[in-house]
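My structure is below; once you've seen it, I'll send some questions.
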Amino acid sequence: MMQQKLHVTLLTGRTIEQGVGKEYGKSSPEYYEACSMVYMDADDMQKLGVKNGTNVLVTTPNGSVVLKAVKYPRSAIPGLIYIPYGPWANSIVSNATTSIGMPSFKGTPAEVEAAPDQPVLSMKELLKKEFGR
Amino acid sequence: MSVINAVTCPICGCLCDDIEVTVVNNEVVKVKNGCAVCEAKYMGYKSEHRIRQPLIRKDGKLVPVSMNEAVHKAAEILANANYPILYGWSSTNCEAQRVGVELAEEVGGVLDNTAVVCHGPSLMGTQEVGIPTSTLGQIRHRADVIIYWGCDPWSAHPRHLERYTIFTEGRFEDSEWKSYLNKVKAAAGKKKLLSAQRAGLSKKAPATVAESVVFNKPPETLQKEGRKLIVIDVRKSMTAEMADYFIQVEPNKDYELMQALRALVKDEELDVDQVAGVPVEYLKEVVETLVNCKFGVIFFGMGLTQSAGKFRNIEVAISLTRDLNMRTKFLIMPMRGHFNVAGANIVFAWQSGYAFGVDFSLGYPRYNPGETTSMDVLLRGESDAALVIASDPGATFPKRAVQSLVKNPLIVIDPHMNATAMLGDVVFPSAFVGIEVEGTAYRMDNVPLPLKKVVEPPEGILSDEELLKKILEEVKSIKAQKTKQKAEGA
Amino acid sequence: MTELLIKNGFVFDPLNGINGEKMDIAIRDGKIVASVNDSRAKKIDATGLTVMPGAVDIHTHIAGGEVNTGRMIRPEDHVKDVVRKTALTRSGTGYSIPSTFVTGYRYSKMGYTTVMNPSMAPLGAKHTHEELNDIPLLDKATFPLIGDWWFVLEYLQKGDLEGCARHVAWMMETTKGYAIKIVNPGGLESWGFGRNVHSIDDVVPNFGITPREIICGLAKVNTMLNLPHSIHLHTNNLGIPGNYVTTLETMKALESVPTDGKPICHITHLQFSSFAGDNWGNMKSAAEEISKYINNHSHMTFDMGQVIFTDTTTMTADGPFEYTLYQLSGHKWVNSDVETETSGGIIPMRYKRKSAVNATQWSIGLELALLIEDPWKMFMTTDHPNAGPFFAYPKIIAWLTSKKARMATLAKCHKKAQKKSLLPSIKRELSLYELAIVTRAGQARALGLKGKGHLGVGADADVAIYNINPETLDIAVKYKTARKAFDSAAYTIKDGVVVVKDGEVVQNVDGRTMWLDIKTAEQIKVDEEMKRKFKQYWTVEYENYPVFDHYLKVPEAITVKASV
Amino acid sequence: MIVLTPLKNFQFPVHAECISPDVFQGKSVKEIASLTVWEGNKKKKLGDLFKIEETSAETPSIIINSDASEVRRVGQGMKNGEIVINGNAGMHLGEKMAGGKITVNGNANGWTGSSMKNGLIEIHGDASDYLASPYRGSTEGMRGGKIVVDGNVGSDSGCYLRGGVIIVKGNAGPFMGFHISKGAIYVEKNAGNRLGASMTGGKIVVSGSVDELMPTFTIDGVKGKVKIDDTLKAEGPFYVFLGDLAENGNGKLFVSQPANPQLSAIYDKYL
């Protein structure tokens, strides 16, 4: 059954593409490709009517960001989404540190909805939007 | 043309020091032995995204200025600040870090490194219970059970498996590379073998088909002689593909799982049938494997440090390891990320007593994560200036922390025009440590290694250490002048 | 040319037989000289003060991986002892594991000028040297741990002493080390798989060699290499009730090693190796048995490892021993094994007067120091920070020089320990002359440091001046006054520069790091062999292993001509 | 009585361990005004940051009026007297307190009552994380005295408790009562996960629901009432759990039976 919104658990973390991209430079196309995406469970994508490569809007209490949805290749991860580390992920991760200085980069609630018509921002555009510089 | 061997790769905590670099006309043209990220770095260092000269934000735009102007501006910001942050330090050498501690002390600032967003919780865990660990060679020579928990070395530390753990030849344990290939062959035929061979070169992923989440019973191979690989993660990572046994733990339930394992190691009975989605009967079999091994090791990553529980996850992982020593030899090690974040912790600690989140505002070092880390100070909006070096909080900190960083004068030192540099007010270009600058770095197991200079930096580009010394001198002279003016005023 | 004249002090310089004579000490360009130009030289009026050579510490863990891990895991130790930045000095923290700068300041303030870091994993040698560079005001040296190094085990097992010696020389130069350090020989390799050795004749698994063979083999190697210091040994079974038997066996075993009269072994922190009894309930002192043997033999030297009643941090390469301490205390436990070389461990520890075991340990250290008749054999240490932090030395001085002081402390100890203690029966009180031996002259001689520990012409101008007038102050009675004086030197002079005045740092200088450049035959052959075998043993490259010259801020190479 | 009123909103942390009845005792307003405090990295006098007035009333000894959430270490180590804060309090309030009383008419920040030995702290708003818990690396938790919080408390509160009582009238965050060995914690409403993890002794009582119980506790029975201290009894019925098994612990965890129907399917079979 198609759903408009999906409640998921947000994980952020490393991918080798993100690792390679950052070494080319944060303004490089490699970095943009690697970090402005979100891994999703195949069935979850079906529920949202989202295909591989369709843009989705991910929202948390801390903000929203548009990302390219990519099917997680190795196993089912129902109810999880995985965004590589980077400014895109960080525009929505939780600030909650439980007083140890470490924000909650993994395991916080989020919502995903299809957003085929909204663009994925470049890093420059993203920084301008979030920080006005 | 010159070929330089035994170069230490300045990227991740593996600090592979067997890289062979070919240089022609002061330019790296070839890299041997490295992983994909390593190659990208040696190609990327000369990219068009480098900063070429000092910049200062004027009328909202970063414009080129002289070195002296930039140094003076930066020093003035720091010398006048009431509560500045000096953050980063993990991708530079220990020589620069040493100057950094002195600068932070001089300006009464909060000195912090990237551990705050990676393995700070691990350091805090060790402060609660200690840590039984070793250097990586000890694992290479002896380990027959290797656990990766909440980490994916294939993606984040690509050569970890081949250099230090499952696929390396040790004095007392052999590499599992051949039997892994056989396994893959038996499972999927020739096509998969080829991709696995490519995986061995750490370049391309073995292509595999998605499976559904089914909890498998631990295979009998877990009881076999020789090295065994167990991966525990919330998703089936690249590394998990290679494991003898993969446990897919429910998100944010690692703590419960480890505490349950501890109870089982102590032969306690549990009232529950499953923990974190894993049947307890399977956990008992896993515990059998752990207590019967000759030498076991747990490597852990940000799957533990960044999910619910954070440093308590590390504390319990260490406690589990400690408990296992009642039955056999078992050790544990964090998979440190930046190539010299361990060095930053070490240098900060020998000079101040504390490894990260050191607050010098009272004239002596203080430490209390929750109070004194850069993240705490930024989220509470307490700081009034910042210097960021050898890291990119603009891309790695949550939005609100970056907003707080940008609100006040921001000094950035980096070779690349990264997110933080784009947001900065005073921006210094620096030379690449480990490519254009030599020095010392510490591997994830705290082994010091020399970094080599293989090419000259571009004309006029200074090292982090040189830049920091200039700023420190200027700060001292501004402060001396102020004291003099005050004395004259009185 | 800078000249300094220390006038009219009471000089205690045992290596030159000077016992409290009122005399002047002349200094030119960092060395002691016969005389200086009286009108040109800067003068220190030492009238009514005690003048001694700068103190020497033969065994103190102040730098390197183990020490720093200790710092990292103990914020609760630092928070109670903070040191503010001044115009001259850097900030930092104590308590039991002070930060590097604070370590230098605090040693110097007590009149120390030379310290030995006795425990360095070769693989982490660069780290140790980086930290030593950040310890100001002191000359330093460091000992690589090689008693369980695979090359040593393999060569000794083959019976190839010469081969072993050449490799030890390679290691000493490669790590910029100063002496052979052996810790629980054979036990550390066994600990690689969680086991240990329990006597000097246990066979080390996988290597077919015994601790006896390692200890005697390396003692012979030490002689073949003509090293200035002897082997520096932490015995097997350290810290275990009944271990004095092992200690006696070790000393007897070493009688078989030929010597030309020079000591061939230094057993460190002897207190921890002198336990009688067979469990923690009946553990007692074996100081009588041990000191009796030592008084009848002269092939060895020792240091105390004196327990201080305080909160401290134990750290040693003896991984299995630290695990035992963990089992006893349940406290946070660090283990740090090092590939092909050694192991290590850390446990925080609080020594309590009201603990029978701790109080007995406290008593053992003093009993040994007082029962061993010859002060040239037994030196003052706490094995910092293992039995207590080094800045408690003035307390030990009081206990050694004043029966009144030690009886006052004993009276506050656990009753059982009081009853067992030999201290009430011991009258001896060390004189200032003997004190100068156990705190500097003896240590310098045992270390083979020619320019240290004395004030003869040509010596390094390292001098400590204390606010003690031996004519008017009886330190055995007024031990608190003496303690204060030793805690806070009137002057500390390093290489002819006044660095401390009235217990405050007044000048910053960098000390030197001394290391041995040992000349052996066939050095190139050894290099080639190491290069060939390297990858089989370590996870770093041969080219990246050595401590390069630039890692030593102020290096002082001491050239040694080996006989192999 | 001394009344302190902040002269501005503090952006930088203010370290003011001198704000303590023991320190103020016998000092004139002028002397108090010249006590040392730190604002950010600048050394200041108390009088630079606060308006200081003296009134004739005996108690409380000190009042801080308006927000003091950046003012740290107030009442640190205090032995006698009483402090009232009419506003939010800063970190380390009453840390290592050994006697006397502190009242907060607002919210309290992290490490309030950290490692306290005796005395009373009343918070009429919420308390943040690490209430009563010791400093990093230390296992010397609260030893005695009493803390009462009308609102909620954050995570990692009451860690390593070895005596005394903590009463929370609202909800508690995760890791409440981590590794306690003695003493009592009472949560009137709900408790977060990892409740009592690694506890070896002492008791924790929860009258509301618990997010999830650690799997390393074993059920011991059901009890009608539980005594918190001499003045307070909690009404059950409570499930009684023993743990933490991972520490071979002997702590007692009392969890409301009616508020936690989800536990019945797992544990009722053992009763």
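Think of it as A, B, C and D in the order they're written, each chain with its own count starting at 1.
By our rule, contacts are C-beta pairs under 8 Å (C-beta built on N, C-alpha and C of every residue); 3 or more make two chains touch, one makes a residue touch a chain.
For clarity, every value in this text was computed on a predicted model and none was experimentally measured.
Asker: Per-chain Cα mean versus the mean over all protein Cα atoms: which chain has them closest together?
Answerer: Given all protein C-alpha atoms shown, the central chain works out to be B.
Asker: When contacts are scored as defined above, which chain pair ends up with more C-beta pairs, C-D or B-C?
Answerer: Top pair by contacting C-beta pairs is B-C.
Asker: Need the CA-centroid distance for the pair chain C / chain D, whole Å please.
Answerer: A distance of 46 Å separates the two centres.
Asker: Between chain B and chain D, what is the gap in Å from one C-alpha centre to the other?
Answerer: Whole-Å distance between the two chain centres: 35.
Asker: I'd like to verify one number: the distance from the centre of chain A to the centre of chain D, where each centre is the average of its C-alpha atoms, in whole angstrom.
Answerer: 38
Asker: Note the residues in chain D that touch 2 or more other chains, in rising order.
Answerer: Those would be 110, 129-130, 135-137, 156, 174.
Asker: List, in ascending order, every residue of chain A touching at least 2 other chains.
Answerer: Residues 98-99 of chain A each touch two or more of the other chains.
Asker: Would you pick out the residues of chain C that each touch at least 2 other chains?
Answerer: 73-76, 79, 332 - these are the residues of chain C that touch more than one other chain.
Asker: Can you identify all of the chain pairs that touch?
Answerer: Touch list across chains, by label: A-B, A-D, B-C, B-D, C-D.
Asker: Looking at the complex, which residues from chain A come into contact with chain D?
Answerer: 98-99
Asker: Okay, in this complex, where on chain A does chain B touch?
Answerer: Against chain B, chain A makes touches at 9, 11-16, 19-21, 23-28, 30, 42, 62-63, 71-78, 80, 82, 85-87, 90-95, 97-107, 123-124, 127, 130-133.
Asker: Taking the touch rule as given, give the residues of chain B at its contact with chain A in the complex, in rising order.
Answerer: Contacts found on chain B: 11-12, 36-37, 40-41, 43-44, 47-50, 60, 116-117, 120-121, 124, 152, 154-156, 158, 205, 208, 210-213, 234-238, 240-241, 248, 251-252, 302-303, 305-308, 310-311, 357, 369-371, 373-376, 379, 392, 394-403, 406, 416-419, 422-423.
Asker: Once bound in the complex, which stretches of chain D touch chain B?
Answerer: So the residues of chain D touching chain B come out as 11-13, 15, 38-42, 70, 91, 110-111, 129-130, 135-137, 139, 156, 174-175, 178, 193-194, 197-198, 212, 214-219, 244-246, 248, 266-267, 270.
Asker: Inside the complex, what are the residues of chain D that reach chain A?
Answerer: It is residues 110, 128-130, 154-156, 173-174 of chain D that touch chain A.
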